[in-house]
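Notes follow the structure.
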Amino acid sequence: MTHAPILQVEDLAKTFTLHTQGGVQLPVFDNVSFTVSPGECVVLSGPSGSGKSTLLRSLFANYLPDAGHIKVRHAGGWVDMVTAEPREILAVRRETMGYVSQFLRVIPRVPTLEIVAEPLLAQGVTRDEAEARARALLARLALPERLWSVPPATFSGGEQQRVNIARSFIRAFPILLLDEPTASLDQANRETVVALIIEAREAGTAIVAICHDAPVRDAIATSLFDVTEFAAAA
Amino acid sequence: MSKTQKDATAGSAAAAYNFAYLDEQTKRMIRRVLLKAVAIPGYQVPFGGREMPLPYGWGTGGIQVTASILGQNDTLKVIDQGADDTTNAVNIRRFFAVTANVRTTEETAEADIIQTRHRIPEEPLREDQILVYQVPNPEPLRKLEPRVVESRKMHAYAEYGLMQVKLYEDISRFGDISVTYDYPVLTNGRYVMAPSPIPKFDNPKMHDMPALQLFGAGREKRIYAIPPYTSVKSLDFDDYPFRPQEWEDVCGLCGADDSFLDEVILDDKGGHMFVCSDSDYCGKRRAAGHVGPMADDAAEAGYGSE
Amino acid sequence: MGVSEPLLTADGVTKLYPGGRVGCRDVSFNLYPGEVLGIVGESGSGKSTLLNCLSAKMEPTAGSISFNTRTSGLTDIFQLSEPERRLLMRTDWGIVHQNPRDGLRMGVSAGGNVGERLMAIGARHYGNIRQEALDWLTRVEIAEDRIDDRPRDFSGGMQQRLQIARILVSNPRLVFMDEPTGGLDVSVQARLLDLLRGLVRSLGLAAVVVTHDLAVVRLLADRLMVMKDGEVVESGLTDQVLDDPHHPYTQLLVSAVLQV
């Protein structure tokens, strides 16, 4: 199936200037352009330090590029994540673009089940249904049931990762950004997550991912995008 | 005090003082302030209070107001806690007898001007009478808002939530509004006002009173007023409405069940009785033949007889 | 929700103190309903001056501040009459002070503190006022049986939570917070922040939070303004400013934070 792109990256450039280090310039990438359509999974490739994470974070507007555009189809129009107002970016993050990092930004004291169900509640799903779906997803990710009522602050890395994934996959974001989604998972859980990613992709989610694990990459990618080709001249 | 005594002192001393002690300029100043106070019911008008020959707290504010409105043909009554025969009342009455040579009386109905400390007479006042209150603390918000500028703004903008907070605190702590005297009122639907430390029993009398009510605070140098027939509402809550004091007893001397009663200890064995705080009212009733349940005992104890 | 119209607009706000000392200079922004703006900077950076101007405590030397009032739309707050402004401040606005002493009546019970705003706008039913106070105490996690205790007997964290209840009872649309977690133990800070975050989100409150603590804005603020020497040197989405700071001062500020 082919769709019009939902994410268009045009001539993106990013250089870090470290004022605390005497104004050192660290060019990362330049002239990056690509598009992602619903149902596609673009995996960013290249060695460590080639700028994959910087690019992914730029797509989420966590980093601010120096030039170019990141156009996202949102609420019937296009939002440029490079120039949009903070509140527009937050709206895109709320409704259109999800981000799964390797680390869980924990909200203190909130129980795991609540954390996972929250995106559904925010969408107006009833509490019963939201919690039922959260339970099903946590069960599928094999997170022990005794942990569901506990805040995840004290969980192991793998457990936190799964909470993070559950929270991001419980609702269908049109665009998902994945930063090493399977990094700290064991084999069985890794397969579950891969299955979740593929399901989302086949349901029409546009995905941009960073993934060092070759078998996982091969399973989820519809195309590779080599960031090293766009390395900016130092 | 006998009337002859008063007349004797008055005659000799009068020439040494301006009429009613204050100089005419000061009286004019106070009269202007009074006009403003009457025009803005409940609003505290500052005035240039003078040093009076008695300490603050003894009625310096009330005296200055009385001195400014007193005419040569007026009859003056002075009460302290309702009684005409207590030290403060006697002294102020004597003061005006000396300095103004006016007629004084203990009978409410006879008086043109009644200066009072902490009571309103039981007998209803008339349009041709003026009631002058001695006021120690004119600012009802003082204990709630220590900043003077802020409390003036609260009056100016009618921000009276804080006053209500005080009453809320009473109910939450004591189960009811525990204020029994100086109970705050809203005058003419606009200014929250301290009614001077009269018992809340007297609050309803202020409402729609035919007589003009003037308030003088000497130490704080403030005058305020309630014109005749003005609405005066005691603050309260819908579910905790204002209630004046009530007694199960009646006056032991005259049997009145509608007056403010003082408790009098008779001996050191727990004997006590209630009597009207308004001595004129009580005396009139007894003269009219009303007899209270303890009239005989009181007579034996030497109390309540002329 | 009317997202298209800003709730609060600052346009070129400048405050000069006598002698020409700069409090803040040329600060402009729009704050939208439900948005939380963090203002960070060191002591003397002008963030408190700016907050004082925004919250109408201090009139700016130049520039204007407008609030979208319920009755007449965007209105310059210094063109309002003083009683109108005071009414606004105790209904649609709330200020959480750093020192609870400035925001609470220490001699009045917790219930009286929460009920004051209701009584100020005319509530005269004791039972209803008390019930509302109880509801709010519960929402800020103060036990119901403390309703008649005075705030001076409360811990610092409880005092801050009581300040919040006292403000929110009047359903404000805009809350100003001045170092809301200053002077609190770290564990108490986290609890307070968590509570604030929940309330801000669930009530759709707009807020301006002034702090020198970057962790506070990371958790609470949607967007950030970094101030130095009275001027805004950088602004934008909170996580973007903190994770990819551009201005030398912001980089210094962020790099100075101890990583735990």
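Order of writing sets the chain letters: A, B and C. Residues in each chain are counted from 1.
Note that in this section contacts are C-beta pairs under 8 Å (C-beta built on N, C-alpha and C of every residue); 3 or more make two chains touch, one makes a residue touch a chain.
The structure presented is a predicted model; accordingly, all values stated were derived computationally and were not measured.
Relative to the C-alpha centre of chain B, the farthest chain centre belongs to A.
Distance from per-chain Cα centroids to the pooled protein Cα centroid is smallest for C.
Centre-to-centre separation between chain A and chain B, using Cα means, comes to 79 Å.
Centre-to-centre separation between chain A and chain C, using Cα means, comes to 32 Å. Centroids built from CA atoms put chain C at 48 Å from chain B. Contact residues on chain C toward chain A in their complex (touch as defined above): 3, 32, 35, 190-191, 193-194, 197, 222-223, 236-240, 243-244, 246-248, 251-252, 255. Residues 82-83, 86, 90, 105, 108-109, 111-112, 115-121, 124-127, 129-130, 147-148 of chain C are the ones that touch chain B when the two sit in their complex. Interface of chain B with chain C (complex): residues 153, 156-157, 159-162, 164-165, 168-169, 171-173, 236-240. Across the complex, chain A meets chain C through its residues 16-20, 57, 61-64, 86-87, 89-90, 107-110.
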